Structure formats: C-alpha cells, structure tokens
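Next up: some structures, all given as structure tokens.
The following pair of complexes shares a single chain, chain A, combined with chain B in the former and chain C in the latter.
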Partner chain A sequence: MAKAVRRLLSEYRELINNETDGIYAGPVSEDNFMLWECLIAGPPDTPFEGGMFSATLKFPDDYPLSPPELKFTCEILHPNVYPDGTVCISILHPPGDDPNMYESASERWSPIQSVEKVLLSVMSMLAEPNDESGANVDASKMFREDRAKYESIVRRCARKTVGL
Partner chain B sequence: MSSSSSSSSSTSPSSSSSEDMAGSIGVPQLIFCAIVAVLFYRYVLSPSQASGGSGSTGQRRPRPTVSQADIESVRAVFPHISMAAIRWDLEKNGGSVPATTEKILNDGFLPEPPTPVTRQTPSPLLPSANGQPGSLGGTGRSQAPASLSSSAAATLGHTDLVTRYGLHSRLETYRAGTSAEQLSSCPKKNDKASLFIRGRERRDLMILEARKKMEGMLRR
Partner chain C sequence: MDDADFPDPTDWIQTPVPGLQTLETSLRCQVCKELFTAPKVTSCGHTFCSLCIRRCLSASSKCPTCMKPDEEPRLRDNIVLSELVNSFNAIRKSLLDTLVAKEEARKQAEEEEAKRKAESKPKAEKRSSYDLDDDEIMEDAEPIRRGKRRRQDTTTSRPTKETEPVRRSTRTSSRRTNSRMGSSQTPVVLDSEDDDDEFQLTDDSSEDDFRSATRGKRKHPPRVPDPRTENSDLVDCPVCYQLKDPSKIEAHVNRCIEGNGSPPPTPRRANGASPAGTPLKRQPVSFSNVSKSQHRAPYTAEEKLKLRLPKGNASLAKEADIRKKLRDIGIRCDVKGKDNKQVLWTRLQEWTNIWNANLDSDNPKIKQVLIKELEAYERHQLAQKPSVVQDKDFGREAWNNAHKPGFELLIANAKKTSIQRKENGIATEAKDQPPDPATGENMDSNGIDSPKSVEA
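Right, the complex of A and B next:
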C-alpha cells in the first residue's frame, strides 16, 4: 500500500510537470491516493472530437503489480466499454489472465506501464474500437451495421460532457 | 510444553502423543460440541428465523422510510451522486446519513439501484439528469434498447463537467482569455499541496478549453 502510494505520487508529479495533450489524471481527494479522476479528450477526426470524457481510476493495493480499473463516469457508447462504464482493453488486463485468448503479453498490464500510457491507450481505443472484444454487444453491432447512428449518438455524448 | 517433554523422554513418540490426546479430551471438545449444537439449533432446527436474518431481508423487512430532507442533505454535499443511488443506500443502511456520507467518501461513488422502480420518483427532482435518458434513447431506442437504457440508467447521476466542477462562473472570463495568464503565474512547486492546486487548475482549464472548442464546433 505504502509502495503504491509512493509510486502514484511520483506518477502524479510527472503528469502535472510534463503535461500530455488531451489527458488529465489526479487523485479525487488529497487523502486517498488510490482513487483518481481523469479526463480524456475525444480524439480529433472522430465523432468523439470536442468531448471531454471523465473516468475514475481505481488502484489496487498492490499497484503497480496489478492494473488499475478504469470506469467512465459520463455517458458513452463504445464497443469496448461495458454499459456500466468499465473499460475493457488489453493494457488493463494482467498478463496471467487472458479471457479472450488473443492479446499478446506485451500489450497487457505490467509494472512498466503507467497511468499516462493507460489513458493514451484509451484515447486510441476511442478512435479505433476493437470489434473483436465486444464489451457492449449492442454498441459493437451498431458500430458494424449502422455507423451513421453510432456516430450521431457518440457526438451527442461528446456534447453532453461539456454541458452543450 | 508437557507434550514436548514427554515425547523427548519416551522411546516411542507416536504412542506418547496419542496418550496426551486421550488425556486432554474434555474442555476444548466440550466447547466445540456446544458450538456445534448451538449452530445446529439456530440454522437447522429453526430455519424460519435464520432465513429472516440472512436471506431475503429486502422482501421480508418493511422498507425503512427515508426522508427527502436526508436525501437532499447528502446530495447537497455530493452533487455528482444521483438521488436514486442516495435513496437506495439510505434504505439499505436504515436511513443513516453519516453512514452514506462515509461510504461516498471512501468509495468516491454509490452504486446505482438495480430496480427501475425506485429510480422513477427522484428523477423529476434532478434537473441536470432531466431528459438525459430520454434524449439518448430518442435516437437509439429502436435498435438497441437494452444496452442504451442500462447505460443511461447507470449514468443517470452523471452531470456534465462544467456543472460537476462548478465552472459556469468562469466560462465568461475564460472566453475573454484571462485564465491562461493566471496559470502561468502559478509557482511550479512540487510539494503535495502545490501539485494538487496545479492539477485541479489544469483539470478546470482543460474543461473550459473543451467547452470553448465545442461551442466553436457547433457554431460551424
């Protein structure tokens, strides 16, 4: 636990000092470093563009050995995001556990990954949904079969994130 | 102590240890038997009481009444938590506002209630959530009602970022372009408190910038 907090403090310092465009992450409150809030800008040239998508990152006590859990706290429609907002991408899966049997070990979580890399992966996931792992089956189906409708709903979600 | 000394003095340790066992029958085993008997009586002979205590509490026990004032007092402190979730949690813990507050502080959120019945009543009182599920369902209702309605339900308590972080008052000044200078004048210290101040400011500016950009996109 103390190790996790130390690591998270140094990641936080790094994130604040070297700003990466389009992402923000930091603890929700000063006395709990294990729960972070983060913002991910919708990638340009996608229907997510212009939106600022909020999520929480929940860190396990043995972080960075185990990956954090990332959950969107805004309305979002995406094939790889469960209806409850939990994100399903390979970087958030520990190397030992591969329910889908198609992720290579290098794509998955390891202690050399970081909050910054997770958020950048999520940003590219927004731009390029992975059709193979359908966390949200209906979104996957709509993405494949009715792209126009998918995009119009996504654009609406993006507008809502900034209150428009 | 006694068993180790006896086994060291004796020629055959196995037989001596079994004698020790035989000699110590009594108090511990009697206590064990008593516990087994009590558990047997509680959970096997009187199943009606046991199931009332552990199983279907939600159905058997009358739902405690939660006052609207209690819900609103929790929500005043945590505007990002939906009324439905607060009501549900208060119902579960018997209406204790401190317990619910504690839970939100520890977890950062409250789980949404599973049944749509409790969600019906508070929604008109929630101005920010008004129309959210409906307008989203308006386009998506015909094809994927299940996933959209459940995701809308899970996000019923979600407000937009400008509202969540109380940035409406800063929108005007940000459009005028004064906030950028405020940030650059922030001293770049690395102690924890300064990090938090800089982090929060960065978060707010990102939201204001995104809002400004989106306003521009919509105008085009």
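Right, the complex of A and C next:
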C-alpha cells in the first residue's frame, strides 16, 4: 500500500478512537483516501458558536511531505478564508513558501503535523482571526471597522450551516 | 480493512492497560506513523525512520519536528530504539491477544455475576463480599472458558517476576549475570580509555554488574566514538562527503577532484554484519595519513555494495551525468514530459534515499528489489498526476460540452483576426506563428483545457 494512504489510514483510526470535541473527519469514500470530508464545530463564545462548518481536505500524493489543502464547502465569512473557501493559515503552508512574509518557520507545515492538528488550528483560527494577513480583504476590513456587522453576518452563516 | 493487518496504537484502548497506547505511539515514527524501521536520530535529537528522514531532508533540509536545519551525513543510528521496537514488535500480537481475552473474560464474568444476582437475590446478598473482588471472579471464570489462553498468560507474566530480583544490584545478582554471561557469550574487550570515562563514578560492584548487564543485552558491538559526532567543526567535502578539517578541506577537495582523494570511511554498521563481540577499530583521523597513502586499492564489488551514496548537487549535475549514473545502477532513464533533468534528478535522489536507508536496516534487501520499489514509488506518484482538475466529480466531457459555444466563439474570433491580418498585408510577419493568438486567447479564457481537445 502506498505510504501516504497507510499514514492517512493510521490518522483516520486515531481520529475515530480518540475523539476530539468539535472535530469530525473521514475519507469521502473507501476507494479514494486522498480526499476527506470534515466538520468543524464553531468554537464556543464566538459568533461561530453553534455552527457546524463543513470542509474538504485534499491530500497531495507526497503527503505527509506536503500539506493538505483545506477548503470550506459552506458559506463562511472570515478574514483568513478566501471567498472560494480555501483556508489560509500558517500550518497549511510548507516551510519556504511564505505568501505573507510574516509566519515563522515553526508554525508551518511539517510532516509530523496531522489532520487533527490542522483542524484544531482551524478551530482556533475561527476564534481568533488574524486580520493582518487578510485572505478575504472585505472580511478583514469589516472585522476591523464594523465588528457588529461582521458578527451578525457570521451568526447568520453559522445558523445556516445547521439548517436554520 | 482488518485490524490484524493494520496494527495501530489505538488497539490498546480496549485492553485493561490503555496506557500501552502512549508507549506504542512513542515507538512509532511521527512521519509515517509506523513502528520505526532503522531509526535515525537527527543532530537535534529527534528520531525518525531512516527512509522518512532522508526523504524529508531531501525535500527541505530541516528537522520535521523542530525545524532546525540538518543534513543527512549528520544522522546517527538509534540502536537501543531499534532493539526496543524489535522486541516490542515480537511480543505485540501475543500481548494484545492476551489482554483482549482477559478483558473479555472480565466482562463475561461481570455479566454472569449480574445474572446470578438477578436470579437469586437472597444468595447475592450473601455473596456481596465477592462482588468487590473482580479479580478473583475473573480468575475463577478464566480456566473454564479458555484453557489455551491461560497458558499464554503464564508465559508472558513469568519473565517480569523473574527479572525483578536481578534488577537489584547485589553482589549475588552480579555474580549470577556474570556467570551466565561467561557461559553464553565471549567476553568483549572494551577500549580501556572509553571505559574509564563511562564508569568513573560507579563503585566496583555496580560497575561489574552494569557492564555485564550491558554486555549481555547488546546485540551490537559497543559504540566507538565517531569522529563525526566528536567534532562538529568538521566540514563536508562536496565531492566524497567525508568530514574534514576546514583548514585542510581545500587541499582535500583538489585531490578529490583529481580522483585520488582518500576513500570515504566504510560505514560503521553496514548491513549490521560486523561480527558481534569484536569492537570496531576507530577510524584514524590523522590527516597526515591521507597525504601519505593517497593511493588506495579500488573498492571490491562487495565493498561497493556497502557504501552509502552521496547526495550531490542538483545545479552542478549535468543531465548526461545523471543518466550515466542511473544506467550504471541499472535504472531506466526514459522520461515522459518536458523537464527531463528534473525528473531524472528526482529519480536519482529517491534511489539514493532508498539505497542508503536500506543499508541502515537490519535485514537489507537486494538491489533488484530496491529498483522495483523505486519504480513502484514513481508509478504511484505519476498515477495520481494526469488529471488537471483532481476533483472526483469533475466530468471533463460535460464541462467541454457546456462550454462548447464559448470555445467555438473564441476559435472563430481567433481565426478571424488571423485572416484579417493576412488581408491587411501583415501576413508575411504573422505567417511564422499563425495559431498563436488562438491558443493565447483560449488559454486565457478557460485556463484548464487546451483548445485542441475541444476542436477534436
């Protein structure tokens, strides 16, 4: 079996057996282990609370040498999420490639990171947006200048994710 | 996927000793999540499988855990860990079976007890003292149900009982281990200088004890200080990859380039085949030696098989050289696609990783098997590449059909412009590259599909 698949299988089993609150992830189908679907719960005490945000994780062939790509498939407004849903956080950037020129090497992707750590980072990203490196400029601006509007839109998105 | 063919640390959660999960996790490589194979420790102290860390370092020269810069020649064997992994792997299955069976027995006993209670309430009250003692009930229930397992139990539990007294360092125990050693193994003559360093602070009896114990347990000969670890000021020779004194490196490189540099030191634990019990001689580090004996007999075929390959440098290597190297090894050089040199270079790097990691392992495979592995690895990498859009639901046909009018319009426009140009008399200039504007426009608009596939 290919190395990447074995490693993903191992991570999957660990996720099933040691459940982390607010994180659910697994391969979309048995025959393609390189594409996962995941659900991330909105962190409590934030406007995202109560939402279940769905996303896809796409793993490269040389995983874990290269990081996976995380993309939200639901509507979400966040300074660090591109309008098309792609997440921009340091843990998903390979060291050496620094699009924003401010991340330290220790926060970047490394082969010892895992799906669980990535999803936990995304959860904390939801709780604490980094408006200095705006992937979504409009959201960054709104977050900085009109927090009330930002929060109301986010709450609406969160409610939408659970079908309300 | 069956549990049996995919062992995992989470197997231990269901046993009475869930703490074994942490133990097994730390016996696994953080990169591939498998039990360590030929563990190597980096200069920052982290451990990975030989192949994993070599691949990581060739991708980015950093330790995956702490991101400190590191390089392949600085990797060291982690001998005690590889012994630990081997012994753990040997007992894993039986240990797991035993523990799972025990847990099952305990659960069944609990159920039966509950049933018994429900059936005869007055009796259960009398037996209340039993209820507290789960273990005793389990012991009762076990032999009836599984005689076979009981035997396993005793075999796994006995050694722990026996080793306990040995651990205390009394004179009797040391004598016992000594005599045991004397009969089973030839005594090892340690380098006296090293001994003094190691055992200076211990008193006589414990020294004896310790030495005999370590001698007994070690599969590998005692480690001889490696000039590489001792002296981190040394620099790599870019040609032969030997570590050299910075002041002498220039002269050494010159000699190397002329083709008569001193040979690289033979790997210390090549194939793990150094005869057990005989300590390896320290490699002389004196540099005067090098200049005196510049000419060394060429490597025999057998020696060549135990040599680690150097990594080389991508920008210095020429495509022809890479091809020659691959051909010499017996790897095919055919390349599909444009960037020939890059593909061949990656192939050579991967081969170097596989080859060197194989030399680190306890039971190395033969070259033909390695070549097959390399091919399989590459095939897997390529197999997933061809589709431009990787999304599973992406239907190329449907997408082409949906955008057909757009494509046709663009092609028509492109044709029109080229005809117009011809008519305007610029035809002579545009003749050389008439399809250019067409491709340009098409690529801009769809970005994914080439216009040719649409036309066809």
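The rule is simple: the second predicted complex is superposed on the first by the 163 of 164 C-alpha atoms of A that agree within 3 Å, B and C clash if a C-alpha of one lies under 4 Å from a C-alpha of the other, contacts with A are read in each partner's own complex, and residues count from 1 in each chain.
The working rule: contacts are C-beta pairs under 8 Å (C-beta built on N, C-alpha and C of every residue); 3 or more make two chains touch, one makes a residue touch a chain.
Quick caveat, the model's predicted, so the values are computed rather than measured.
S.K.: Is the arrangement of chain B and chain C around the shared chain A a clash or a fit after superposition?
M.R.: Clash: chain B and chain C overlap once superposed on chain A.
S.K.: Does chain A have more residues touched by chain B or by chain C?
M.R.: Chain A has more residues touched by B than by the other partner.
S.K.: One more residue to check, A:28. First (chain B), second (chain C), both or neither?
M.R.: both
S.K.: Based on the superposed arrangement, let me know which partner A:120 touches: chain B (first), chain C (second), both, or neither?
M.R.: In the superposition, A:120 contacts neither chain B nor chain C.
S.K.: Would you check which partner chain A:65 touches, where first means chain B only, second means chain C only, and both and neither mean what they say?
M.R.: Only chain C is touched by A:65; chain B is not.
S.K.: Taking the superposition as given, does A:10 touch the first partner, chain B, the second, chain C, both, or neither?
M.R.: In the superposition, A:10 contacts chain C only.
S.K.: What stretch of chain B clashes with chain C when the complexes are fitted on chain A: 22-30, 58-66, 148-156 or 166-174?
M.R.: Stretch 58-66 of chain B has C-alpha atoms clashing with chain C.
S.K.: With the touch criterion stated at the top, can you tell me which chain A residues are shared between the chain B interface and the chain C interface?
M.R.: Residues common to the chain A contacts of chain C and of chain B are 9, 13, 16-17, 28, 32, 35, listed in rising order.
S.K.: Quick one: which bits of chain A touch chain C in the complex? Just the residue numbers, please.
M.R.: Counting only chain A, the residues touching chain C are 2-3, 6-7, 9-11, 13-14, 16-18, 28, 32, 34-35, 58, 61-62, 64-65, 94-96, 105-106, 108, 110-112.
S.K.: Quick check on the complex: what are the chain C residues that touch chain A?
M.R.: 1, 6, 8-10, 13, 30-34, 52, 55-56, 59-60, 62, 64-67, 380-381, 384-385, 390, 392
S.K.: Across the complex, what residues on chain B touch chain A?
M.R.: 80, 105-109, 132, 135-136, 139-140, 143-144, 146-148, 150-152, 154-155, 158, 160-164, 188, 190, 192-193, 195-196, 198-200, 202-203, 206-207, 210-211, 213-215, 217-218
S.K.: Residues of chain A touching chain B in their complex?
M.R.: So the residues of chain A in touch with chain B come to 9, 12-13, 15-17, 19, 24, 26-30, 32, 35, 37, 39, 41, 49-52, 54, 56, 73-77, 83-85, 136-139, 141-142, 146, 149, 152-153, 156-164.
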